[in-house]
Structures are given as C-alpha cells and as structure tokens.
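In what comes next, subunit A is part of two complexes: it sits with subunit B in the first one and with subunit C in the second one.
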Partner chain A sequence: MSAPLLQITDFHLGFRTRRGTVQAVDGVDLVVNEGETVGLVGESGCGKSATVRSILRLLPDKVARYGPGEIRLNDRNVLDLPEAEMRRIQGGDVAMVFQDPMTSLNPVMTVGDQITEYLAAHTDLDRAAMRARVIELLSMVGIPVPEERMTWFPHQLSGGMRQRVMIAMALSCEPRLLLADEITTALDVTLQAQILDLLHALSERLNTATLLITHDLSVVAGMTRRVYVMYAGQIIEEAETDALFAAPAMPYTWGLLRSAPSLDAPLTEDLTPIEGLPPDLAAPPPGCRFASRCPYRREICQSRMPDLRAAPDGGTHRVRCWGAQDVPEGGWLIGTDWREDTGDPRIVADIRAASAMAGTES
Partner chain B sequence: MSRYLWRRLLTALVVLFLVSVITFLIVFVLPGDTAAAVLGEDGGLDPEAYEALRERLGLNKPLAVRYFDWISGVLTGDLGVSLRTKEEIGPALLRRAGPTFQLAFMAMLIAIIIAVPVGVAAAVHHNTWVDAASTVFALGGIAIPGFWLGIMLILVFAVWLRWLPPSGYVPLWEDPVQSIRLMLMPAVALATALFGVTIRQVRTSVLEVLGEDYIITARSKGITERRVIYRHALRNALLPVVTVIGLQMGHTLAGAATVEVVFSLPGLGRLAVDSIFFRDFTMLQAVMLLFATIVLTANLVTDLIYARLDPRIRYD
Partner chain C sequence: MSGTGTHDAAPLLQVTDLRVSFGAVKAVDGVSFDLRPGEILGLVGESGSGKSTVGRAVLRINRVSSGSIRFEGTEVTGLSPHALLPLRRRMQMIFQDPRGSLDPRMKVGRLLAEPLEIHGLLDRQGRRARVAELLRLVGLAPEAAGRYPHQFSGGQAQRIAIARALALDPALIVADEPISSLDVSIQAQVINLLAELRRSLQVAMIFIAHDLSVVRHIADRVAVMYLGRIVEIADKADLYTRPGHPYTRSLLSAVPLPDPVKERQRSRTILKGELPSPENPPSGCCFSTRCPLRASLGDPPECTATRPQLNETGGGHRIACHFADPAATPASV
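Our next item is the complex of A and B:
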C-alpha cells in the first residue's frame, strides 16, 4: 500500500512566550488517506488549529517552534521543504477554509480578484480562462449571478455567501486535501447545515480529502469516517466515527457528548458542562492531562501519563486513558455507561472548588 | 456621493468665513499700526499726514464696516493693494504660488517615497534592529527643524561638494532640470518632518493589518510574502496613512515659510513672513485666507481619495 496522503507522526509544536515555551502540540499522530474525510475534535486551545496550520506552515515564524516530529504530505516532510516548494503546496495541493468568513476575506479586493489570485499562483490559465473559471467556481458553490457577484467586495455579501466564496477559493485549484478550520462556528445554525452539505457534496465530487476541525461532535457525526479527539496538545481518542458514537471510551469524550445539545433528548434535560480548566501547557502535569477535570480519576491518573492504546472494543479504536485500557492498575471504566454514571460526586465537588479557587486568584 | 460633497463644501465655506473674520481681527491684535507702518519712522511723526492716511485707508471707519468692505472685495476678486509694494494682491499671490506648490508637492512626494518602504520594513521586522533604526530615523525627522537642516544641506551639498546650487528659483516650465535641482534641497528639508510622522503611521498601521485574518488567508494561497505584504497588507494599511498625509498639509505650508526664507524662494510662505515684518496687513490677510483654502481643499481631496481606496465607504 502506498503512503497516505497526509501522515503526521509524533508531531510537536512549541510557542515561545515570555513565560517559556508552551507545548501547544505534544506528540500527535494523525493520518488522512486520499479522498477521506476525517474529523479533529476538541475545545478551544487544545492545539487542533495549531496542528492544522502547521501543515501549511502558517504560524508566525518568530514564535512557532516546529518539531520534533514529521508532517508528511505525499511522503514529503513539509517541515523540511524550502519556501518555494511550500508555496506550491499552499493553495495548490492543500487548501484551507477558515473559521470566520467575515474577517478572512480581504475587504478592499473583489471576491473575483481574490479567487483569481489562487489561479494565477497555481495554474497557467490566461485572463479570459481565469475569469471563466472564477464564474464556474462561484456557481459551483451556489452563488447566483456569479458574473456580477465576482465584482463585489466582501462587505456586500452575507456571512453564508462569504463562506461559500471561501470554499470556492479553496477548491479553485482542485486541492487533494482541504483543511476546514471551524468553518461553521461563525455562522447561524440554519446556515451551518447548508455549508456542511455543500462541502460534503463538493469533496465527494472532486474526490478531495478533508480534515474537518471542530469543537462540535455533531458536525463530525454526519460528515466523517474517522475522528480524532484532541485535548491539551494530545490525541486522547481516535476511532471510526460510528464506533466513537457507539462506544466512546473515555471521560473527556463523554464530557464533550454530554455538553452538546441533542435533538433526541427531552427538552427538560440540562446540558452538563465539563468542569474546570485545561492545564497550563507551559508546565503540563506529569500524569494524564485531563485528570484535573476528570470525575472518574484515580491515583495513577495524576502520577503517570497513559499512552494511546487499543480501546476495549478493539479495531482501530484507540484511547489515552488508564480507566479505559485493559492494563494492570487500569481498566476500571471498561463497561461504564457514561449516560448513567457521571462519576464520583466528591471528585466533582473537588474540581468545582479547585476551579473556583483558580478563578479568584486570577 | 454628491450630497456628501455638497455638505462638505458647505462646511468648508463656514470654516473659510470664520478664518476670514479671524485673519481680519488679527490685524488689530498685532502691535503696530498700518498707517504708521506705511509712513515709516519719520512720517509717523507728522500727525497731520498720519490722520490723512488713516482717513484714506478707511482705518477710521467702524470694524464691521471695514470687514464688510474687505470681504466684499475678496468675493468679487479684488484683494486690494499691497501696502508695502503697492502692487495688486491677486496677481502677486498667483506669482508666488508656483514655488510653494512645487516645494510642497516635491516634499510630499519625497516623504511618501521614503516613508512607505521604511514603515513597511519596520512593521515586517518589528522588534528588531530594523525597527529600532527606523524609529530613530523617524524621530530624527520629526525633531530636526527644517530650517536648520536646510542650512546644513546648503553647507554640505552646495558649499563643500558643489553638487547643487545653494539657492534660487527657476519656474518648472522655463528650465525643468534646473528647477528641480534648485528645489531638491528645500524639498528634502521640508520632507523630514512629514516622513517622520508618516513612517510611524505606516508602521503602526501595517503592524495592525498583519494580524488580520485575511493575511493568513493570503498566506495560505501560495503567493509570495512580498505579494502578501504589498498587495494585501499595504493596500489596507494605507487607508489611515492617506488621512495623516492630508492632515499634514497645514504643517507643510507652515514649514514652507521657514524653508523658503532659508533658500531664498519667492513663495507664499516667505511672502507671509515678509508681510508680517513690514506690517503689510492687506497682503497678510489675503495670504492667510489662501492658506486656509488650500488646507481645506487638501482635506476634502483626502477624504475623496479615501473613499476611492476603501470600497466599504459610501458617502451619502
């Protein structure tokens, strides 16, 4: 079998700050195969955006420290590529759609010119052909009267239309990998489904692999084949999407599921937030990164870091949690029904007290 | 757009009216008396001649009447006669405007040509020695007085190196090369204060724009960093810079006065200075009114350019 389209191996990323280096990404392994849609889920600041931006080396040179580790695209490590090679990949082989369509388009350039810039950088089309291609792309993403809209400036378009323009831009040079960074977060709920459907249909049609970054598990559910869950710079659970929703293995994923509204649940049911705050990545704890917020924690969680290992249901499902792994001293969460058992109430009280303390200190 | 334009023009007219009143009144605040100034040291001793002149110049009429006489003359194109040279003020102003406009235009051009690349470099390499050097350069430009720099330039380039003529003026249409050579040092002397402020503004504004989301989008397109900065960042960053350059028009004219004196340029600034020294109040009033008109026009043009550059702004 040939190498996967994108293979991230033991990738580390540090940010230099005044308080020292913050280890934003700490040993991430992630694979995206040709034509496959993969989800990367986690809360704000967990390192998912930083990981994805590293693929295109979009982080500011002055503060970002890439490595150790590799990001192989078509079997070439992008972290070693010279700038000219990197530019061929940016927008060519790999394109990115950003979170906020209101601020991600240049306000003083027409949308047509902004799409044309991709074509000029990556194709040999002449002016007339580029114009025709821009019109084709805009109609492909469902923008009416594209001949006229291409001369509009971003402020003349609605948020949904702008995100469609962003998608048209990203797909303009038929990339093999599309990085979609929280693309529905800034949109109205009614638009979110539209944009996701559009992305899904287009990536199928063009056979574009997609890495979908989101904090919202429901976005991942309908769209992806496989999911990675990230917490505090590490992958803490990975599985086929169906397997993850059928049998999520560890408390952080449970927390994400509990804190998301569900259409099936009765309206009276309260959402349960995950208590506490993520650890300080300038000085990460020695044990499991989630231990400080985990209502199921035991002694071992706070002293030793668990590895990413096979989950109890086997297959490709892997999990980084002592309680979910069938190892000596571990495995106490195997078979726990996360809907019924919400953890030890005394530990929950401790977590609340600790985060209240942290709140008054800062 | 036209409604906005009308509103702006109307505002400008109100400001001009106020300026005309103030310039008219300044004559009475300044020490010295017009009639005494005209008669000179000796003539001033003869009370009869003095009274006769006051009567002839209309100085004995009430203030409001005199203002009305003056402003109705201005509005019909009759600016009166210079008390000092006895020539018609209108044509005199026109003759003096050429050197000043050339000086101001060349100074602004030099300032922009220097300030934009230096400001961009400072922003791109912020918190490095490049940034520090540009700050020193900019603050130096602001701090060094134009007249002093003018004298130093004459010393170095005209006296020691003999590359440029020390002073004088030739109209652009008579001998373009010589005209520009003569105006080069004055323009540089005047430009320093302008580019100082402009460098700081370009730096701040580019730095701000470089943090915007659309810059990351631009970088993800696979275009060169140069293009990201000049096509995406600078175009957005120049919007506030245009305003600053427009607002500096007033300072430019003020600076022109001293620079024109140093380089013996027969411009409006020197005319204003001479008029003050000789108590040539009719001329002084006209020059100040003209300066106000120029500044107001410059600001109006600035706003129109701004609207052209920023598609989000629609004046209506």
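Our next item is the complex of A and C:
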C-alpha cells in the first residue's frame, strides 16, 4: 500500500509569547488519504487551525516553532522543504480556503485577475486558455454570468459569492488536498448549506481530498467519512464519522454533542453545557487536559495523561480517556449511556465553583 | 410551556407597524408583535433581515421612522432623551461581543456599579453589596469585581455584560446574538444562565439569533424575519413542529443535524441565490424571488402582485404567505 497523501506524525508546534512558549499543538497524529474527506473538529484555541496552517507552513516564522514531529505530504516532510518548493506546493498540490474570504482576496484586483495570477503561477496556459479556465471555474462554483463577474472587485460580491470565488481559486490547479478552515462560519445558514453542498459535489467530482476544519460537529456529520476531535492541542478522539456520532467515547465529545442546540433534540430538553473553561496551554495540567471540566473524572485523570488508544468498539476508533479505555486502571465509562449519565453532580459543582474563580487570580 | 407570562396579562411591550429606514433602505418594513412580562421572544433571521434593527429601535438606539412602540403602557417613539431616561432603566441590551461592550479601563466592580450611579441608586455600601449580588447571579466569584474585563475569557466576559444589564433590575433585555461569538461548549452555559435569570427574575427578553436552532431551547415564541418583515410568528412548539412559511421551512432545512445517518437520508430544500437588496425589494411577497413553494405552484400571480398579510392560522400562529397551509404539511427537519 502506498503512503497516505497527508500523514502527520507526533507533530508539535509551539508559539513564542511573552509568557513563554505555548504548546499549541502537542503530539498530533492525523492521516488523509487520496480523495477522502476528513473532519477536524474543535473549539477556538484547540490547535486545529495551527495544525492545518503548519501543513503549508503559513504561520509567522517569528513566533512559530515547528516540531518535533513530521508532516509528510506525498511522503515528503514539508517541515524540511526549502521555501521555493513550499511555494510550489501552496496552491499546487495543496490549496487552502479560509473563514473570511475578504481578508484572503486582494481588494484592488478583479476576481478574474486574481484567479489568472494563480493559474499563471502554477500552469503553462496561455492568456486565452487562462481566460477560458477562469470562466469555467467561476461557473463551476455557481457564479452566474461569469464573463461579467470576473471583472468585478471583491467588494462588489456578497459574502457567499466571495467564498465561491475562493473555492474556485483553490480548485483552479486541481489540488490533491484541499484545506477548508471554517469556511462557512461567517455565512448565514442558507448560504452555509449552499457552500457545503458545492464543496461536497466538487470534491467528489474532482476526487480532491478535503480536510474540513470546523467547530461545528453538525457540519462534519453530513460531509465526512472520518473525524478527528481536538482539545487543548491534542487529538482526543478519532473515528469513522458514523461510529463517532453513534458511540462517542470521550466525555468532551459527549459534551460537544449534548451542549450544541440541535433541531434534532427533544423540544423540552434543557441544554447540558460543558462546565468550566479550557486549560491555559502555557501551563498545561499534568493529567488529561479535559479533567478540569470532566464530570466523570477520577484521581488518575488529574495525575497521568492518557494516550490515544483503541476505543472499546474497536475498528479505527481511538480515544484519549482513561474512563473509555479498556486498561486495568481505567474503563469506568465503558457501557455507560452518555445521553443519560451526566456525571457526578458533586464534581459538576466543583467545576462551577472553580470557573467562578477563574480570572480572579492574579 | 416554560413561559411565565400568561396570554391574558397586559403586554410589556407592544410594537405596531414599526418602520426604520436608512436612506432608501427599508431595514424594518412594518413589523408588529407584542411581548408579555417574563416572556422570551426569539427573533430570527439572516444578515440583512432587520432583526437587530428591530431590537435597537425598541431601545431607541436606532431612530424609528414610523410606527408605535409601547413599553409598560407608555409610547416611547416620541419621547425626548430626558423623558426616556427613567424607561431606560427598565430596558437593557446585551451585545454579541462582550469585550466590545465593556470599557477595558474599568474594573468589573465599577462597570457593574456605574449604571446604579448614573441613575442615583443606592449608597456606596449598597452598591458594593449589589455588585456582589450581581456577580453571584451570573455565576462569578465576588473577587471578580477587582479585575479588568480582559482578564476573563469570552464566556465570562459575557456573564459580566449580563450582570451589568441586570444591575437596574430591568423588565426587558434585548439580547443581540449573545452567544454567537462564544465557543460551542460555552454557548450552552450562557443560554442556561439566561433561562435561569428569566425564571428567577421574571425578566422578559428579545433573543436575537441568526438561526433557528439557537433559540429553540430558550424562547417561548419565535418570530422569523426576512427583508425587514416578520414572515411567521408562533409559539415555539408550533413553529418547530408545523412551520408554515416556506422561508421558515428552508431555514430549518438548512441547519445541519449532528447525525450522519439522518443527514444522508434528509431531503433538503436548499434556497437558491441570496437575499435581494433591501434597497430594491421584490414586489408583493418579499420572499417570492427565492420561494420554493411559489416555484412548485407554477408562479401564481398573487405572489408578486400583493404583499401577504401576517394572517392568524390558529393559536397565535401567524404566517405571511398567500399559500401557506400548515395543517397540510408537517415539518420535515
């Protein structure tokens, strides 16, 4: 079997700050195979965007410290590649779409010129062929009257249209891997549905592998085959999408599913939030990073960090949680129903009291 | 129903035919609704629907072009800023970005005491006690009073903004997307906090949101806005189980479900195109240019000829559509 398209192994990333180095990514393993759509889910600050930006080495050199670890693209470690080689990959084999298209588009260049610039950098097409390709790309992403719209500037387009232009640009050189970072977060729900539909159809048609980064589990539900969940710089659960939603193993994933308002939940049900606050990554706790917010925690959780290990339902499902792992000192959550069991109320009270105090220490 | 307001109580707020224009743009184009004491109304719409403008007009932050806003029986649209002051105490606002709404140079204790000072309420001792009380209400420790807003996370800063809004014991809070800028795991904390405050303090709320899933847990009634108008308003149970307006149905259908199996089986109505320019809204029904129902009925002329009224279909459920038939078409989420 050939190597996966993208293979991230034990990747670490630090940010130099005034308070010392913040370990934003702490030992991430992640694989994307050719043509596959994979989700990477987590909240702000969990390290998902930092991980993805590292694939293209987009983080500012002054503050980012890549490694240890590897990010292998087509079996070459991008962390070792020279700048020139990196630029060929950016927009060639790998393209990225960001949350806010306005900041990634050049405001003083027409949409057509921007895509043309992209094509000129990565292809040998002549002027006429490039123009034809721009029109083809714009109509592929559902922009009406592309001959006219290509002469428009970004500010003349709506938010949804701009995001379509970004997707057109990203797909212009037929990348093998598309990195989509919260691409629908700034959009209204009806536009989100349009853009996700478009992305789904195009990645299937072009056989582009996609890494979909989002804070919203619902978004990955319909879009992906496999999902990674990140918390505080680590992958805390990975599974086939169906398995993850049918039997989430890690209490943080339970919490995400339970706390998000869903049209699917019984109408009367109160939301069950995840109490407390995420840990400070400048001084991470010694044990499980979720322990301070976990209503099922035991002594071991606060003293020893669990590894990412096979979950009880087997297959490729892996989880970083003592309670969910079938190991001698753990396993107390195996077989519990996360929909019913919301943990020890005394621990919940402790977590609330601790977060009421957070921000009050000097 | 979890609402504490009864259908018979005199309304706290009565908005009638409210219009707000910015130049040629009719941001709010004839909106009417009322709100009972202690009731939570979810006001839902996409960007450009005018939902925030309604909220801000009610508090007289935006100028009202025409129409009536009665609050506790007093017409507020014509009041001078001076005459408005005593009413201001009774109506407060919470914004999307808590950090933007809290002065970064003031300690939390001052931020919470300031409204009391402005309105000349309580002495120094009393204000200090009130600040501690407010912090307790929103789940923060009394020590928070001595810190600055930037020392708190986004969720905690929103708690501080909520405490400030509560300082004057308001009867109405307009909460404009109060959880949109917060992380998923923190959103539910804030929703539950607002629900709890409504229960304990009987404060009514207009909860503004851009999608229907967020207000589903907290609102008693929900109004859906499109291009400056309310297209449907109903008790929560009614709206989610029997949505009548094709726009409401499309909005429900656009929200992704956290269930891969259902997502794959779902037949969704994805709206085509985007919101028309409010400078040049479609004639007749404002939703006609994108309406899947109109298309399926073969473009009947009524849709573009006449503006549909918000008609009662029973039990306070009102729908602005010439062809809506909620009984015939159960919701398919």
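Criterion: the second predicted complex is superposed on the first by the 357 of 362 C-alpha atoms of A that agree within 3 Å, B and C clash if a C-alpha of one lies under 4 Å from a C-alpha of the other, contacts with A are read in each partner's own complex, and residues count from 1 in each chain.
Quick note on the criterion: a residue touches a chain if its C-beta (ideal position, glycine included) is under 8 Å from a C-beta of that chain, and two chains touch if they have at least 3 such contacts.
Since this is a predicted model, take the numbers as computed values, not measurements.
Overlaying the two complexes via subunit A leaves subunit B and subunit C side by side, clear of any clash.
Residue contacts after overlaying the shared chain place A:255 against subunit C, while subunit B stays out of touching range. Contacts of A:345 after superposition: neither subunit B nor subunit C is touched.
Contact with neither subunit B nor subunit C is seen for A:286 once the two complexes are overlaid on the shared chain. More residues of subunit A are in touch with C than with the other of subunit B and subunit C. Shared-chain residue A:335: touches no atom of subunit B or subunit C. Of the two partner chains, neither subunit B nor subunit C is touched by A:82.
With chain A fitted onto itself, subunit B and subunit C come no nearer than 14 Å, counting C-alpha atoms only.
The residues of subunit A shared by its contacts with subunit B and with subunit C come to none at all. Those residues of subunit A whose C-beta lies close enough to touch subunit C in the complex are 43-44, 158-161, 188-194, 196-197, 215-219, 221-222, 241-242, 245, 255-257, 259-264, 267-275, 277, 293, 352, 355-360. Residues 53, 56, 58, 86-92, 95-96, 98, 100, 103-109, 117-118, 121-122, 153, 155, 166, 169 of subunit A are the ones that touch subunit B when the two sit in their complex.
Of all residues in subunit B, those touching subunit A in their complex are 212-214, 216-224, 232, 235-236, 309-312.
In the complex of the two chains, the subunit C residues touching subunit A come out as 2, 46-47, 139-141, 143-144, 146-147, 151-153, 155-156, 183-189, 191-192, 195, 210-214, 216-217, 236-237, 240-241, 250-264, 266, 268, 270-272, 274, 333.
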